[in-house]
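In what comes next, chain A is part of two complexes: it sits with chain B in the first one and with chain C in the second one.
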Partner chain A sequence: MTREELQERILSILEHDFEFEAPGLTDNLRDDHGFDSIDAIELLGKIETMLGFTLSREEKEQAMSIRTINDILDYIEQIRSARQS
Partner chain B sequence: MNRRVVITACSAITPIGYRREDIIDSLRAGRSGVRPLRDDGLLSGHIHSRVFGTVDYPIDYAFKRVHRKTMGPVAYYACQVAGDVLAQSGLAEEFITSGRLGVAFGSTHGSPTVQREIYKTFFGDLDNKFSSIGAVDYLRSMVHTTAVNITRMFGITGRVIASSTACTTSSQAIGFGYEMIKFGMQDAMICGGADEYDTTTVAVFDNLLACSVAYNDTPHRTPRPFDAARDGLVVGEGGGAVLLEEYESAKRRGAPILAEVIGFACNNNGGDLILPNLDGITATLRLSLEDAGISADQVDVVSAHATATKMGDVIEAQAIAGVYGDGPLVTGLKSYMGHTMGTCGVIELTLLLYMMEQGFVAPTLNLEQIDPRCDMIRHALTVIEQPIGIGAVQNFAFGGVNTSLIVRHADKDAT
Partner chain C sequence: MQHSFGQRWGDRLIDAAVTGAVWCYFTLGFVVLFSPRYIVASFCPQHREERFQRFNSRFYQGFFALVRLLVPRHRWHIDPQAAAIRGSVIICNHVSYLDPLLFISLFERQKTVVKTSFFKVPIFGWVLRHAGYFPADSSGRYGRIMIEQVERMAGFLAAGGNFFIFPEGTRSRDGSLGTLNRGALKIARLCRAPIQVVRLANTDKLYRPGRFFFTTRSANTISMSLVERIEPDEVRELGVADLERRIAAALRRQAEPAQCGADRPDCRDARQHLSVQP
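Let's look at the complex of A and B:
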């Protein structure tokens, strides 16, 4: 999955499941869209399903520093890359 | 400190309507909200009782996702009626978030619908490779989900009392809210309860042979409180809320005063957890009159718990006769909608407030031939146009918990 395809999937999830309106890649998730820690855990579950594997506790804790959609994409790419290496 | 407490708003989602006018019309027309039990794809096919007090009309919920995500169906009912009473009351935003407004609200067991989804995950009904218990599932299903979803939605920072005592859940919530204000702990309380469509509860009563089964083809003819042909209770769903306020501050801000809560009592039978107990119930009724500082002959109407079980109605009629004699009119409002479980106390109080405002007493529906063992009290058999000065709402629950609330019409100010 390319970065563009990944971006499309994540934006779709955020718009449909989390009801984001006009999400921007650099928007602050909490301030601009009210995305909170409960949402973060829900999103990680959806990312697990999308990637086809279960995230470890350490990998999930890394996600808690995410602030923007670009951060989400970077995070997923980093996880995928680490798993492949 | 011993302050007066008034009701300044009420709202109820019931099987006989949501809008005040619809509920009053149903009471006046003798319209039942009992329908065929809907299929849940799990238990409903095994239950003998095929009737349910059903909310079968659409409700226009306008909740944002930020709130919806922690709400199961039971919290939808709760937040809707809580929002109604806040809107009706006209309380200022700064008071709502001040810490002087609290919430006393409960349900029988949170959200069974969400709990059922969790069990499906446990038992591998879903994709077991990646699914887990969702982060919000506990918040949506937990037993205090109604109370805290209300606080979250409206930014309420006062006390939270999440009663959960089955059929006395919301009457306890109202009573405890009344005491919070009376004794100066809070200046206002949103009180009530909610229970969603749930076949587990029906199955429990069905297994105890306490559910109605003889009127499956004519749901509107059951339940039949105090009637010789009654054959048990009918479970129902709904939600209700009242806003209680300290009298002086309510008067100062020009709030609409619907009634004053003048008495409350709650006790336990101290023994059997299921069987109705004449001594326990009688003590509760007497204690509430003592708390109100009135005599039994001052009560105009008693809203009986009246579930239409074979023994429960007889014991309740004996208790009413022992305490009130045959003075007050007695009505069993579950006859219109079944037993809405944790919600029944607040719904029955709301209906009493509507009847107080309108000046009529709705009859016990389906009461065609009074059981001779229940015939020593003054049953309301037709719509009776009469002012209600003081009314009592009594409720009794599994676990041996009894409550009695006494309210006085706003125009019958004793001072």
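Let's look at the complex of A and C:
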């Protein structure tokens, strides 16, 4: 999956499941969309389904520092490449 | 009604004496009566969380029994339907420090969100962590606790535990409802659990925000009422914003006395809790 495809899927999840309106890649998730740590944990579940594997506790903890959609995409790419290497 | 100078000072002395007795229970009572149980339970990781919650509940039952004994002018009306809630996310308005203690005393299996700084307090923080309570903040090392607790929440609720929360985050100073934090609503959606909206009134008349002493000498009725139940299907269907509006409206409504009928199995269960008093 390319970054563009990944971006499309994440935006779709954020709009449909988290009620985001017109999300921007650099929006502050918490301040602009009320996205909190509970949402982050729910999103991690959806990312696991998307990637087809379970994230470790350490990988999940890393996600707690995500601030923007770009951060989410970077996070997923980093996890994916770490698993492939 | 005008009170004489002597009567006012008499009332203050009684307030101070009651507060002192309650603080004795809080400190010595915990150390002497409860700390050995917590220590023993801490060696049994499999049942630690459940036992810590039960001990917390018993400890605060003792606390409120003492308060009721020492402060008879304050009467208590706990809606049996509220006391009978199980397996739910409970949303409540917040007016006094007593509010979370009241919930802990009523429910044997309970979790809640606690101010993160409390997790740093020796002994108290240890009890909070092992009882499975959440820190309000998920940054740094608290992120791990938050993830663990959220992931285990669905099982906890399915087993009959209650997750209660005061979504205003802080106590209301004037009784009006503040902005609601949506975290609890999201947990209910995530866990497919019902939301029960409970309204508390007049705990602030007994223990006023900003005061150290209990206010013991004025007549008062403290009440807890179940004002709304939102089923899991509705919780999933409604957006978080709609859920928040519905809950805020329910909390603002004046609580009606509980009406139990033969068609309400939860009310029948609730009658068994009529004797439940904080």
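The rule is simple: the second predicted complex is superposed on the first by the 85 of 85 C-alpha atoms of A that agree within 3 Å, B and C clash if a C-alpha of one lies under 4 Å from a C-alpha of the other, contacts with A are read in each partner's own complex, and residues count from 1 in each chain.
Note that in this section a contact is a pair of C-beta atoms (placed from the backbone, for glycine too) under 8 Å apart; a residue touches a chain by one contact, two chains touch by 3 or more.
Remember, predicted model here, so these are calculated numbers, not experimental data.
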Now for A:G24: first (chain B), second (chain C), both, or neither, which partner does it touch?
neither
Examine A:I41 and indicate which partner it touches, taking first as chain B and second as chain C; both and neither are also allowed.
both
Looking at A:K60 after the superposition, I want to know if it touches chain B, chain C, both of them or none. Which is it: first, second, both, neither?
second
For A:T49, decide between first (touching chain B), second (touching chain C), both and neither.
first
Which chain A residues are contacted by chain C in one complex and by chain B in the other?
19, 34, 38-39, 41-42
List the residues on chain A that touch chain B in their complex, please.
18-19, 34, 38-39, 41-42, 45, 48-49, 52, 54
Interface residues, chain A side, partner chain C - complex:
19, 34, 36-42, 57, 60-61, 64-65
Quick one: which bits of chain B touch chain A in the complex? Just the residue numbers, please.
65-66, 69-70, 127, 129-132, 134-136, 139
Touching chain A in the complex: which residues of chain C?
138-139, 143-144, 146-147, 150-151, 182-183, 186-187, 190, 239-241
